[in-house]
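Here the chain labels run A, B and C in written order, and each chain numbers its own residues starting at 1.
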């Protein structure tokens, strides 16, 4: 399980069903996130205001919350949406950007976590900070640690919170505490494109709309994103070309290429 | 009238005069909107704060208001700008993103409409919702209805509000209640690029700066945008390439290509 | 001094050290700014909220503040960050977008200036407005004046405020009041890409992290950006292609090409 033959039908379901995905994300990631979701087949909607965030959850989509550029009114909207998601049983994704970097971000995450995200996606520093490893100092929003260093923290965190945790980086680790999957697609130049991790988190939320297994949703998103990123990087003159190719490949990827490219490490 | 020979001079005037266009738009559409306006020849400025939105209207540009990611402070700015536009006789465009999806959006639109937009541009679900057809359920920000289904609603709405209404989709309908124009340019892949409709609304505002006829402004914007979109789509590897090509064609489009491509359906 | 042989090591240092650069910028410029900084080798972080802006300055990066889409809560964050930068001795850059266009923007700049920016970057209208030349009417965010017309204003302003001032346009003028450097790279089509000036301001902040001489930082940023912009423009089908090429060239530029292309005018 969790190989290309079990992931590809999930990719196809997203394209066929075009589910609604509500995103409360940061200002940098808005454009890339919406375009990544559209290219992959979802119907994204950026809806953040406390005045309507919970009402929008009731329309029936899944939800992705990213704290990249937080402020009090936005956090109120995140809280309202996540609370509504919990009440309705809507699965949602948390992307705890730069948690550990400021006390404010720690407080924001502490407020959102009780609403029970189905999946948390972050880089190594973020996941290690969430797991209580305070020496995992990030450099701003970028990790200073290799993703594999966060494997233990991810498994522990997933088990403790009862959710799926995805750590992305050189190797991607996805775990629900019992099952742990490693993936090794992607390309180093992807770190030179802003908001790729943010967009990936929202893509996890899209796949949550077409499968009941959060681990499968996260692995599919990580696998497809990594394969498309490396295909794009191989043809790119630089990071801006890579970004264009990433989106184009998300739109056009076929099952044979996906199966040929996908690399599991565990 | 309303054929390529009457629209093209409007396109050229925009390039020649580079008018100021104030945009209060959503976070997803900021980048594409500004780049579309610059490529087409306008001078866009994103100015939304209540502290300066009305002062900026007094600088003499036209105005485009898009409610895609509304919140109370932004809506105060929209209201101040639209009120200033009404006082000065400045024509302005309203893009009622996802009206009908939440009560909050309905309230926002109800607050803005009395300021008398010259043009309203939306998808079929939005225009049908504005016309009071409550069964026109949208899926988030995306329409579930074909644009042609909204033709009657658009004509009725234009007549009732005394403005021009543009419904865009597979076929684009532009009407001022008396005259109704149909256009059939564009490409389905354009729906996989975020904020194309939002950018088109701002482009209508740009053309309002160079013609006194709102119908002509809207038809020109819809026609040019559709032609450039299909030119881009034909050469695109996917939606991100399409977006690049769309902007490049808006910059470089010539009159002969425009005349050859423009397709009126009524 | 201030030729390619003294600038290129600064470019290489940025790539080698990947310093943290905190940006408080406008909504239009977020995406381009982050991608420009990443491509050039920096580690950007967009952090604006008053709740954390000053804490983030304490992490040790440099700071770039751009007032393109100001509102009171954002200005509070700018003020807190700039004050923290002053206390710590962190060099920061001010981009006074459209100062002079509304009283609100004038008030925002008046509040930030006492915190002592190391570098101010603007277009001719902005720099002339800052220097007190009230006839330098801008058209919204775009300058109506040639950059060379602002040379005297820039030198006077730099001397009075004790900072470096960069005026960009057809010719770029960078001065600290004593030394004045002119550069003539770039391409007119760059004015058709939104937020290039904003991204350039943030790039100055990146170079402030690897040199103690603000004039050198500003000249390096202006030189590299101009060279990459003209390389991109020469191969571009339009402004969207130019933008892609600009970022790709920032990532891949080599020293020989830089030396061959860089054009000093004084």
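The criterion applied here is as follows: a residue touches a chain if its C-beta (ideal position, glycine included) is under 8 Å from a C-beta of that chain, and two chains touch if they have at least 3 such contacts.
A quick note: this is a predicted structure, and the numbers were derived from the prediction, not measured.
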(request) Would you identify the shape of the chain contact graph, picking one of line, ring, star, complete or other? (result) complete
(request) Report, in degrees rounded to the nearest 5, the angle of the rotation taking chain A onto chain C when the C-alpha atoms are fitted. (result) 120
(message) Counting residue numbers used by both copies over all numbers at the interface, does the chain B-chain C contact come out same (over half shared) or different (under half)?
(response) different
(request) Could you tell me the distance, in whole angstrom, between the mean C-alpha positions of chain B and chain C? (result) 32
(message) Quick check on chain C: which residues sit in contact with 2+ other chains?
(response) 27, 30-31, 243-244
(message) Taking the touch rule as given, give the residues of chain C at its contact with chain A in the complex, in rising order.
(response) 18, 20, 22, 27, 30-31, 34-35, 38-39, 43-49, 51-52, 55-56, 59, 61, 73, 243-252
(request) Using the touch definition up top, name the residues of chain A that touch chain C in the complex. (result) 26-28, 30-32, 68-72, 98, 101-105, 139-142, 191-195, 236-241, 243-244
